[in-house]
Each structure stands twice: as structure tokens, then as C-alpha cells.
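Same chain, two partners: chain A is paired with chain B first, then with chain C.
After this line comes the complex of A and B, so read on.
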């Protein structure tokens, strides 16, 4: 950056600071920071200002480590990224005003403006990029976690497994269910698989279609499906929609399904004396 | 390329270990029916464990073979269909209805024994 600009900025640091603080105080509500105490807000502002100023002193065009850490810390305690970007933008507006006040020629002001723009923009961009990356990371981790929870196949007895389904079934999940079901059947050598839909809130034609497909695929690999957990309202929707679930056995509860499954594998539950 | 057909007591065992093309499949259909006629086998197990791909034509031939064998008095069980193959078949809309299936050779033989013995 131009030496002259740096010198000017250093000279009028106090003035810039006061004006910047005023501006930040005005936009405080926008960032939903009313609940923060005045002292804490001022303290943070002061720190941000100093960090921004170190960028000028060190004459760097990307966020320093201190800036990234500061941003990360703020995000962690629930401040918005817009607080920092606004801080930088306000800062730019104010130093421009200060430069203009310093009575420079028009050309000079224009080139300074250009320079300051080129200085602040990369910092803002990189901060946004980094936090976006952070969010994407979090989202993808959660997605994996959700997938793991989505369709587990649990071996209960020898040759009998249960897949409890909870929550809405969409096409993507149906695919996952089918894959887990088939690989699980092979892995556990199951002859009967109980699909429990007690936790599925709505069974429409699409969901039924997915379930029928999964059951057919299970039959192809050599096992049998029993659909259990059909609640009264689900039974009503299925019949009203004209869905044919006749190809495989259905039961109202997991318990009844388990009894049938045991019968199919030539076993039964008995009470011991 | 011909697919070997083994006889074990009253059963015929076929393990398909190559990717089936149309010609091989049709040849196999003829060989199997001939063999059923020759041996008077009561049950047939066709093991598809090492088959990675089944297209609609092969699926049709397999379905036909099952029905033809049934006409000749031999029960057929398909075993070891891989998950990927099952998904492909379902996606193609081929349900292979009325074709008995089992997880592997062992369970397939058990199933035949049940049906024939019972």
C-alpha cells in the first residue's frame, strides 16, 4: 500500500476509531447483538478494530492468523459473520472519508480508493470462504451421521433380521434402505426380514412403491419380507389409495410379525415352566 | 462356451461363473432341459453368486427356464443373486414373479428338499 496512505491512516487513527465505533454502535441491532453487554460489545469492537489496523501496519492483503482465529471464535459463540464483514466495510467507508478530508487531488483519491478496495476485498472474500467451508463441513458431517442412523438392519434371531424405519422416506433414503437391506440380508444370512414402519408418519403411493420394490429385491436375493407396524390410519390410507401390498405378508405389530417369522423358519416361542 | 451341469442324487446343480451372453444363455436353456429329460431330476439349483450383471433378456431366459423345467416336473430355485443385480432387475421392472429364490446353495437345496419332501 502507498506509504502516504499508511502514514495518513496512522496519523488519524484516533479519529477513525471514534467514527468507526459510532457506526458499529448504530448497526448493532442488525446483528442481533442486543443481548451482549455494552462493555463486551465495545471490547470486541476494539479488538476487531485493532486487528484490522494490524493489517494496515503489516501491509498484508489477506486475513492474518489473528483475524481468522478471531472470526472463528466469534462464530463459535454465535455472532454473525456479517458483524465482521460490516466492520470491514464500515472501516473502508470511514478511511475513504478521512482521505477525502485530507484534501488530495482527484486522481490521487481515486487511486487510493482503488488501492483500499483491493486491500479489503480479499480479506472479506477469504473470511466468507472460510466460514462457508466450515458450514459445508458441518452439514456434510451431519449428513453422514443421519445416513448412519437412517436404515440399520438388526439381526435378532438366527436367520431373522429387523429393519426399523423412523421418519419420512424419500427417494434417496429409499435407495439407502434397499442397499442396506440387501447387503445386510447377505451378511447375516437372513431368511426373513421384518420391515417395521411404526415410525413412518405417512405412507403414500411413493413410499409404498419403494417398500414394495425393496421387498421384491429381498425376495430376489433369496429372503422373505414381512411388513410390520401397520397402524390403523396407515391401513386406511393404503386401501384408499388402492395400493396392493398382497405380495408379501403384513402384520400390525412387530411381535406378531416375529411370531410369523419364527414359524416360517420352523421355530416358535414357548413359555417355560 | 457351455455351462457345466452337475448331477447330485436327484438334483441338478448349475453354478454360472461367467457373464452370460445371449447365445450362452440359450445354449444353457437347451442343455438343462435335455439334462432334466435324461436324468429325470426332480430339483434344479441355479447359483448366480458370481454373476455381476443380468440384463432383461437373460432375466427372461432364466424365467423361461424355470417355467419350462416346472413343465417337465423339476422344481427350480435361483440362488445367490447379488444385491446389485437385484437392484438392477427391480429398476428394470423385472420382478421375476413365481421364481423361487434362496440366499445360497445350501438354503436352496434345503428349500427344494422341503418342497419335494413335503
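After this line comes the complex of A and C, so read on.
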């Protein structure tokens, strides 16, 4: 950056500081920071201001490590990125006003304007990129975590396994259900698999179709499916839709299904005296 | 009081969003659990049809009144390829996507009123109403 500009900014640092703090106080509500104490808000503002100024002093065109760390820390405690980006934008507005006040020629003002834009924009861009990357990372981790939970097959007794399904079934999940069912049935040598749909909020034709296909595939590998956890309202919608679930046994609760499964494998539950 | 919502359907998760808002509105209007399930399932079918066949469209849900009777109206609209033979899609078991072919006839049975308006290469509008009893 131009030496003259830096000099000018250093000279009027106090003035810029007060104006900037005023502006930041005014936009506080926008960033939902009302719950933070005045002292803490002022302290953070002060720190941000100093960090912005170090950019000028060191004459760098990308966020310094201190800036990145500061941003990361604020995000971690739940502040919005817009707080920092707005801080930078407000800063730009104020220093432009200050430079204009300094009575420079038109050409000079234009080149300063240009310079400051080129200085601040990369900083803002990189901060936004970093934060977007962080989000993408979080989302993809959660996606993996969700996938691991989405279709578990639990061997309960010898030859009997249960697959409890909770939540919405989409195409992706339906694929997983099918895969896990088939590999699990073979791995655990299951003869009977209970699919529990108590936690599935809506059974439409697609969900039913996937369940029918899964049950048919399980039959092909020599095991038997029992569909359990059919709530009364789900039973009615299935009938209304005209879906035929007649190829395999269905039960209202997991308990009843388990009893049937034990009978199918020639065992039963008894109470001990 | 005018309860309504409109959900754009572009991906599979929008289907969930559409039926969620449908369920909430149905609950607010005082539908019982069975009718709530019917309405959400119907929305699910219509939204999925939009996603599968048209790519994108919208599902609008609103409260309607007719001579002191209240009901919930679903309007699923898209500007997709349209339906060639409406009589055929209303037959049970007819499908072009390898599904069960129970969607549209199923929705008709789940709801009280059902109309399809479709022009080839222009799009489809399906309107369906469930009356509060």
C-alpha cells in the first residue's frame, strides 16, 4: 500500500477508532449479539480493530494468522462471520471518508480507493472461504455419522436379527438397508429378519416398494422377513394406497414379531418358575 | 386466519419438507392422526412424482372453506413433460419408473377430491382436497 496512505491512516487512528466503534455498536443487533456483555463486546471490537490495523502496518493482502485464529475462535463460540466481514466493510467505509477529508486530488483519491479495495477484498474472501470450508467439513462428517446409523442390523438371537428403522427413508438409505440386510443375513446366518418400522413417519409407495424389494431379496438368500411396528394409521394408509404386503408376515409390534420368529426357528419364550 | 405454505421441490429432502409442513397444517386444522397420515402420505406421493418425473416444481398447501366445511387443499404443480394418458396413470399398477404404480390412484383414495390438469410438454397441476369431518 502507498506509504502516504499508511501514514495518513496511522495519524488518524484515534479518529477512525471512535467512528468505527460507534458504527459497530449500532449494528450489534444485526449479528444477534445482544446477549453478550457490553464489556466483552467492546473488548472483542477492540481486538478486531487492532488486528485489522496490523494488516495495514504489515502491508499484507491476506488474513494474518492472528486474523484466522481470531475468526475461528469467534465461530467456535457462536458468533457470526458477518460480524467480521461487516467490521472490515465498515472499516473500509470509514477510512475512505478519512482519506477524502484529507483533501487529495481526484486522481489520488481514485487510486487510493482502488488500493484499499484490493487490500480488503482478498481478506474478506479468504475468511468466507475458510468458514465455508469448515461448514462443508462439518456437514460431510455428519453425513457419514448419519449413514453409519441409518440401517443397523442387530443379531438378537441365534438365527434371528432385527433391523430397526427410524426416520425418513430416501433412495440412498433404501440402498443401504438392502445391502446391510443381505450382508448381515449371510454373516450372522440369520433365518429370520425383523424389520421394525415403528420410527418411520410416512410409508408411501416408494418406501413400501423398497421394503418389498428388500424382503424379496432376503427370501432369495434363504431367509424370511417379518415386517413389524406397523402403526394403525400406517396400516390404513397402506390399504388406501392399495399396496400389497401379502408376501411376507407382518406384525404390529416387535415383541409379537419376535415371538413369531422364535416359533419359526422352533423355539419359544417361557417364564421360569 | 389463512394457513398456507408453499414448498419448492428440487431434491429428495424437499419432499420431507413438503410433507412436514403438510402435517403441521393438518394438525393445526384439527385432523385426526389417521387423516394426518393420509394427508402426509398423499403429499409425499405428489412431491415424489414432481421430483421423479419433472425434476422440479412446487407443492402448495392451504386451508379451504366451502359452505361452512373446512378442508386442506394440496396443489402440486410442475412444468415437466406432462402426462400423456391420464386414464392410464390412474390405473393401479401402471408405472413408467419401475415403482409400484400405486401413487396417483392411491392419492385419489387417500383424499376426498382429486383433479389432474396436464398438458404434454407444458406441465401438470394436481389438486386434491381432504375435508374435515
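By definition in this document, the second predicted complex is superposed on the first by the 269 of 273 C-alpha atoms of A that agree within 3 Å, B and C clash if a C-alpha of one lies under 4 Å from a C-alpha of the other, contacts with A are read in each partner's own complex, and residues count from 1 in each chain.
Quick note on the criterion: a residue touches a chain if its C-beta (ideal position, glycine included) is under 8 Å from a C-beta of that chain, and two chains touch if they have at least 3 such contacts.
Being a predicted model, the structure only gives us computed values, none of them experimental.
K.L.:
Just from the overlay, do chain B and chain C fit on chain A, or is there a clash?
P.N.:
fit
K.L.:
With both complexes overlaid on chain A, does A:170 touch chain B (first), chain C (second), both or neither?
P.N.:
In the superposition, A:170 contacts chain C only.
K.L.:
Who does A:201 touch here: chain B (first), chain C (second), both, or neither?
P.N.:
Touch status of A:201: second partner only.
K.L.:
Who does A:61 touch here: chain B (first), chain C (second), both, or neither?
P.N.:
In the superposition, A:61 contacts neither chain B nor chain C.
K.L.:
For A:26, select first, second, both or neither according to whether it touches chain B, chain C, the two together, or no partner.
P.N.:
After superposing on A, A:26 lies clear of both chain B and chain C.
K.L.:
Pick one for A:209: touches chain B only (first), chain C only (second), both, or neither.
P.N.:
second
K.L.:
Is A:73 in contact with chain B, with chain C, with both, or with neither (first, second, both, neither)?
P.N.:
After superposition on chain A, A:73 lies in contact with neither partner.
K.L.:
Quick one: classify A:233 as touching chain B (first), chain C (second), both or neither.
P.N.:
Touch status of A:233: second partner only.
K.L.:
So in the superposed three-chain picture, is A:241 touching just chain B, just chain C, both, or none of them (first/second/both/neither)?
P.N.:
Once the two structures are laid over each other on A, A:241 reaches chain C alone.
K.L.:
Closest Cα approach between chain B and chain C after superposing, in Å?
P.N.:
7
K.L.:
Where on chain A does chain C make contact in their complex?
P.N.:
Spelled out, the residues of chain A in touch with chain C are 168, 170-172, 201-206, 208-209, 212, 232-234, 236-237, 240-243.
K.L.:
So in the complex, which bits of chain B are touching chain A?
P.N.:
Contact set of chain B toward chain A: 78-83, 85-87, 89-90, 95-96, 101-104, 107-108.
K.L.:
Flag every residue of chain C that touches chain A in the complex, lowest number first.
P.N.:
On the chain C side, the touching residues are 12-13, 16, 19, 33-34, 36-38, 40-41, 44-45, 48, 92, 99-100, 102-103, 105-106, 109-110.
K.L.:
In the complex of these two chains, what residues of chain A are touching chain B?
P.N.:
Per the touch definition, chain A meets chain B at residues 178-179, 182-183, 185-186, 189-191, 213, 216-223.
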